[in-house]
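Both of the next two complexes hold chain A, though its partner changes from chain B to chain C.
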Partner chain A sequence: AAAFERRVLRCAAEHHYLRVRLELPDGGARPNAAQFKQLVVTALRELHGEVGAALPVDVLTYEEKTLSAILRVISSGLVKLWSALTLLGFYQNRRCAFRVLQTSPFLLALSGNSRELVL
Partner chain B sequence: MVRFKNRYVLCEVVSEEPRCRRCIEDRTLGLAVRDAIARVHGDYGLACCSISFTVKYLNAYTGTVLLRCRKDSYRLLCSALPFVRYLESRAQRYPCFLNTLHVGGTVRTCQKFLIQYNRTQLLRLLQNCTNEEERQCIQKSLLSCSLTEEQSQSGDEEEEDGTE
Partner chain C sequence: QNTLTVCFSVGYSAVALNHVIDFKEKKQEIIKPVSPSELFPSLPIVQGTSKRIKVLTRLTLVVSDPSHCNLLRSTSANIRLYDIIAVFPKTEKLFHIACTTLDVDLVCINVTEKLPFYFRRPPVNMAIDRGIYFELLYTPAIKDSTMRRYTISNAISLMQVCKGKNIVISSAAERALELRGPYDVANLGLLFGLSESEAKAAVSTNCRATMLHGETRKSACGVVYTVKKPRKVEEEETAVPACKKAKTQA
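And now, the complex of A and B:
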């Protein structure tokens, strides 16, 4: 009789990737990459405190023209990051909003977007 | 059945300044703990832990504090307790820290633990006595405490153990 072993991996990927866009309706100065990361960490600090601010979040790419970025976060911290981004309302006393365009545990999946697919 | 379960966290306030004992009150302590939770866990943590948060019991003489919170958020509370660095009252700030002694599900288990803990602490105090006067003093107060002596203080079971 052959012995076999069954392994079930739930959410095996250790990082999650998010493509987000920051909306700043008033035409003011745009944040650069460092200020963008500071904004993300500030959002985490407001909602989840020092523990949230210490979450390992990386800004992989950032485009200042379109204010869109790809963020990477540890999988256990995805809920904290996403909720913090949702509830962020102000950047330097200007109204702002984060729109999450795509999210996936695989970075490759963020390259194609079936929402903007033109058939 | 379905009910709300609470966790009771027993801690003691340790401070080097003797004047800190006077400002140990339920309101100041509650505010200090909530402030620490807000700093460490943010708005979400503060809201989570504040659902059923009270200072259930407080003893300024021994610095014993019993806090209550929901079972779902007691870990947030316990992890924020080391961040309480000072107690503030009447524009006076005293540095102190909170030592977590026990986490129990009911007030009764915490009370049982506290009685046991106080017994061992009294014995340790007796061992650490430096001169004979202190020793006599402690021995006298130990032998004199009894449950039936004063009717008004019969509720203080947590402090003195009755039949010693």
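And now, the complex of A and C:
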């Protein structure tokens, strides 16, 4: 009799990747990479408190010209991070908005955007 | 107008423009809604399909007194022009009346302050049977942190009573920056305690059902259907109540 074992993997990827863009319409100073990370942590702290602010979030790439970035977060923290970014309204007393462009458990999937396909 | 342009680029397929009427001030008259064709000569196409984006008009009545509800039954012609009608009850009695007898499509739930009344199960279940949806706003949560707490607490207490059915999440955005994409809003539904499928439905299928409910309400108002019975010639039957009931159940 052959013994076999069954392994069930649910959501095996441990990180989720988000491509986001910060919209700051007024032509003021743009945040650099460190200030951007500070902004993300502040958003998490405002909504989810100290536990949220301690969530391991990494900024993988950041472009200051377009204010777009790729963030990486532990899969269990995706809902917290996404909701914190959605509900952020102000950056240094200026109105701003986060637009989440793509999200995926695989980094490679963020390279192509099917919404920007020109048919 | 700028807000609408952002809406289209973010990926919504139908937008409703809201007009709020508050009855505390005197001499409120319902004005005609702004026709969407005035704002946009040609509406852009929804991403991914070949249909155009729909722009609807919506009316919200802030009621704090039962006499304000009489306006809904009046034959003011301007009410008919709005596609969706929503009511914002301020007291428990009015909430009960709105869920059970008023002819509306949406019941707005206050998110900016602590609810003065608790939700009870009988009127909520009756509203779900009648096809009325409960609406939550998310824009106050972006502006102020105290409002965030009230939004989430009121939403959670609503979820406990209605178990996540018949919820619509909408924004009361006045500027383009206060708008968020549809998937972001569905994620907010997860925060409120909905399950994943319910949260996505709150942005997509429930909204479409509200639009259809508004259309059936528009078409069933004022229909007179006379049927002459073949045997008794002098009797005429008007089947108005049956028609209206059948259409709101559909």
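Everything below uses one rule, namely that the second predicted complex is superposed on the first by the 117 of 119 C-alpha atoms of A that agree within 3 Å, B and C clash if a C-alpha of one lies under 4 Å from a C-alpha of the other, contacts with A are read in each partner's own complex, and residues count from 1 in each chain.
The definition used in the following text is that a contact is a pair of C-beta atoms (placed from the backbone, for glycine too) under 8 Å apart; a residue touches a chain by one contact, two chains touch by 3 or more.
Please read all numbers here as calculations on a predicted model, not as lab measurements.
Steric overlap between chain B and chain C is absent once the structures are superposed on chain A; the two fit side by side. Taking Cα centres throughout, chain A sits at the apex of an angle toward chain B and chain C that amounts to 80 degrees, reported as a multiple of 10.
Contacts of A:V79 after superposition: chain C is touched, whereas chain B is not reached. Annotation for chain A, partner touching more residues between chain B and chain C: C.
In the superposition on chain A, A:E46 makes contact with both chain B and chain C. Using the contact criterion defined above for the overlaid structures, shared-chain residue A:R95 touches chain C, although it does not reach chain B. Contacts of A:R30 after superposition on the shared chain: neither chain B nor chain C is touched. Smallest inter-chain Cα distance, chain B versus chain C, after superposition on the shared chain: 5 Å. In the superposition on chain A, chain A positions 46-47, 83 are in contact with chain B in one complex as well as with chain C in the other. Interface residues of chain A, counted against chain C in their complex, comprise 23, 25, 46-47, 79, 82-83, 85-89, 95-97, 99-100, 103, 115.
For chain C in complex with chain A, the residues that touch the partner chain are 10-11, 47-48, 138, 141-143, 145, 148, 175, 177-181, 183-185, 187-188, 190-191.
On chain A, the positions that touch chain B within their shared complex are 44-52, 83. Considering their complex, residues 37-45, 79 of chain B touch chain A.
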